[in-house]
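Labels run A, B, C, D, E and F following the written order; every chain starts at residue 1.
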Amino acid sequence: MTTATGPRRCVCPGSYDPVTNGHVDVVERVSGLFDEVVVAILHNPAKRGAFTIDERTELIEAAIGHLPNVRVAAWADTLVVDVCTEVGASALVKGLRGGTDFAYELPMAHMNHHLSGVETLFLAADPALTHVSSSLIKEVVRYGGDVTGLVPDAVVRALHDRLG
Amino acid sequence: MTTATGPRRCVCPGSYDPVTNGHVDVVERVSGLFDEVVVAILHNPAKRGAFTIDERTELIEAAIGHLPNVRVAAWADTLVVDVCTEVGASALVKGLRGGTDFAYELPMAHMNHHLSGVETLFLAADPALTHVSSSLIKEVVRYGGDVTGLVPDAVVRALHDRLG
Amino acid sequence: MTTATGPRRCVCPGSYDPVTNGHVDVVERVSGLFDEVVVAILHNPAKRGAFTIDERTELIEAAIGHLPNVRVAAWADTLVVDVCTEVGASALVKGLRGGTDFAYELPMAHMNHHLSGVETLFLAADPALTHVSSSLIKEVVRYGGDVTGLVPDAVVRALHDRLG
Amino acid sequence: MTTATGPRRCVCPGSYDPVTNGHVDVVERVSGLFDEVVVAILHNPAKRGAFTIDERTELIEAAIGHLPNVRVAAWADTLVVDVCTEVGASALVKGLRGGTDFAYELPMAHMNHHLSGVETLFLAADPALTHVSSSLIKEVVRYGGDVTGLVPDAVVRALHDRLG
Amino acid sequence: MTTATGPRRCVCPGSYDPVTNGHVDVVERVSGLFDEVVVAILHNPAKRGAFTIDERTELIEAAIGHLPNVRVAAWADTLVVDVCTEVGASALVKGLRGGTDFAYELPMAHMNHHLSGVETLFLAADPALTHVSSSLIKEVVRYGGDVTGLVPDAVVRALHDRLG
Amino acid sequence: MTTATGPRRCVCPGSYDPVTNGHVDVVERVSGLFDEVVVAILHNPAKRGAFTIDERTELIEAAIGHLPNVRVAAWADTLVVDVCTEVGASALVKGLRGGTDFAYELPMAHMNHHLSGVETLFLAADPALTHVSSSLIKEVVRYGGDVTGLVPDAVVRALHDRLG
């Protein structure tokens, strides 16, 4: 068999507002499957999130600093297929928490394949974290709940300062 | 960033009784994402299929002969995680035709991860082929329907000889 | 606007082993939407059901006798698209009890459209009958349960004689 | 068998902001099943869309002008069952792109049947267009993507002028 | 077998804006399974609903007044697990209208179990009311539809006064 | 509020061929919500399982022996609603591993409510065990996989002796 040349690169896109242990689990597992992983923060500057892009970047970097082949970058108002072209990635990787995630992601995967030929690979989320999404985490913190163990410790503190 | 050494290898498991254009599409797309792809025919010798293992192998090899980094092999009564260990693959890749496929594959992906740590990556099937499964193809041929365009031409002929 | 010529005809296919009030509800509603409705019993003579084709036909005819534009017929080992061609129908109509039915019917609808261009129209089952399927009805009767109100009265008696 | 008198009429409701090739495919197929088809643009004047009602109407009319038995009309703040009564239609027809669409449409179909007895018929969308929705199309265009082949050519131009 | 001491208590949470016959059906059935049922109106004071908390409370109390072991109370900006602790309930009970409800409720059930160990029990909604949600009811009334039979009579009048 | 008299009793039905840690988790959690729990092994003597009814009973009893308010019993060819009547239970409780389980259980819950008024309560399975079913466990053991941690230790040994 022949072996393709050049590193195998993929993109893990999201808004990461903020990063959760579900995201970290997916990125860790993907980092073992590809030569290089780009965690891509996609955002729309017209919409305010809980955290700024710099804060989101810093929180992700702290959480995945032990993974030498992963880097983080942010794009405003950009199609994810253009991110893939720019960084030279042939695949997007998305974690799926259940059938609802899949139903939501499927048309976008087809659209992205239509637009540029990029492939989307889906990875089943760690079952112990299927209830963990950035939005549910923020709602729990706003009402005084404790999310320790569901997001990195630095994120627990940042959420508490911002929303608690 | 560092780059892992050794080729990236994955396994596309199935019974392939017989191979369809849906399978071929998935293997073609996966062959662009990994250095080497092993198409693994998993079977239970106690159960008779429409085609023998040799026939299935031959039909797949004819269909993917243009892909230099893909090879075909068969295993009897073997866990797919043991196939991955044997061939040195860190990932399984499965095509998904819809949410029902995903619901069926999800527990197996978790079980395989539990058994050996192997990852399962899901790829959305070509939408134009979501109605194509080996079992529906065989049912259509048995009742006299024409499946040209849904399976490789050699498979159309083989199905006609066997079931038509 | 122009008006197409010839009667609008559709096919309601199934195994009808036996007919349930869910089937009757669908056929009644469809009979108001099309000029003529053909209830098509599709069967595989190699597989024995609870009722013979003659018994199934008789039970359906008794249940839909008040609908002047509906007729019943049976086909062995025949593709449903060939039934449509034979009776001159441009559409299949299927009742859906829920998302699982839809997921099961979707690939067959695409396959039938691929084979002959026939359209499949889906109609939501009466919510009060979503738990009524021929197979669950037979299981309940076998274990001594009462299915009055879920199937026509003649079918209650026939099930009791055959399985009770 | 008897044949009902009067033309068979149905309604294809939506916001059509703007019409896509998915809509056009459904209307074309439905126009072969009914004598007359009314494409009904339902809107809430309090909410601004990307296109005005006149623009939406014009874009649909350009796309379905080859279908002699189809006409387009708009209703503000109106229940779709009242539209059906007004135009004399006994059925609504909706395209379904997948199980999520079905889950969303099912309660509305039951509600509409409850309110007026009108039937809702579902038609599976062309698999090659399951990723095409007005909202995803607008998002892609806003970020500079090319949607040629997914919407009529006149809509590609209109989207470019409005959002590109 | 031993028998636990103290009454068995559960919470039926929701926004109840307004209560529907679907809610009433669930509360009636649950009142036969637990010693005491607390209908908990959870709300965010920053968001205005169609009815005030006092109005919602009054409408529920009128609808469930025949059930001696059910009481109604409201909480602002409170986690539902804290409501359960406060009233001494070991379980939440939610009605499910279909698979979409389940997919939506599942992560919240896991989150609530994670936060406090409280269990969530799901009860299938009365099939004849699967199309009944507070939001669809309000939409129908706004456009002039009649919702008699889907909500208590007092709610029909209140909706008419507020939105009709 | 009034308090109902008599113990609150429920039934956890299944084939338990054999019991898994998923079953044990559900029974443990349910034993905290009801005064008494009956684990009901339902079987059809005409069909052979991997384990006899005596073996299944013994394996469950060993796994739930620490729960004083739980007992195990078996019924042949019996409707589950008749089991509930016999033991004086007002509710069935089923664990759900995902949306597919729910779709499968929903018609049976409606049927059982129709037959006898008994309620079915659904409990979300422990996410860490969503991949654990008796049938998948048996398949893994047959092909030489290790299921330690997924079933009680006594079941690991019994499976090994029977199928390994």
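In this section, contacts are C-beta pairs under 8 Å (C-beta built on N, C-alpha and C of every residue); 3 or more make two chains touch, one makes a residue touch a chain.
In this text the structure is predicted, and so the values were computed from the model without any measurement.
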Can you list every chain in contact with both subunit D and subunit F?
A, B, C, E
Report the chain whose CA-based centre is farthest from the CA-based centre of subunit C.
A
Maximum distance between Cα centroids and subunit F occurs for chain D
State the pair with the higher C-beta contact count; candidates are A-E and B-D.
A-E
Looking at A-F, D-E or A-B, which one is a repeat of the A-D interface (more than half the contact pairs shared)?
D-E
Same or different interface residues for subunit A and subunit F, judged by whether over half of the residue numbers are used by both?
same
Express in whole angstrom the distance between the two chain centres, defined as the mean CA positions of subunit A and subunit C.
47
Need the CA-centroid distance for the pair subunit B / subunit C, whole Å please.
35
Numbers and ranges of subunit D residues touching at least 2 other chains:
98-100, 103, 106, 109-110, 127, 130-131
Which chain pairs touch, all of them
A-B, A-D, A-E, A-F, B-C, B-D, B-F, C-D, C-E, C-F, D-E, E-F
Residue numbers of subunit C touching subunit E in their complex, please.
98-99, 127-131
Under the definition above, what is the set of subunit E residues touching subunit F in their complex?
1-4, 7-8, 29, 32-36, 68-71, 90-91, 93, 96, 98-99, 102-103, 106, 109-110, 113, 119-124, 127
Would you tell me which residues of subunit D are touching subunit A in their complex?
97-100, 130-133, 136, 140, 142-146, 150
In the complex of these two chains, what residues of subunit E are touching subunit A?
77-79, 81-82, 100, 103-104, 106-111, 114-115
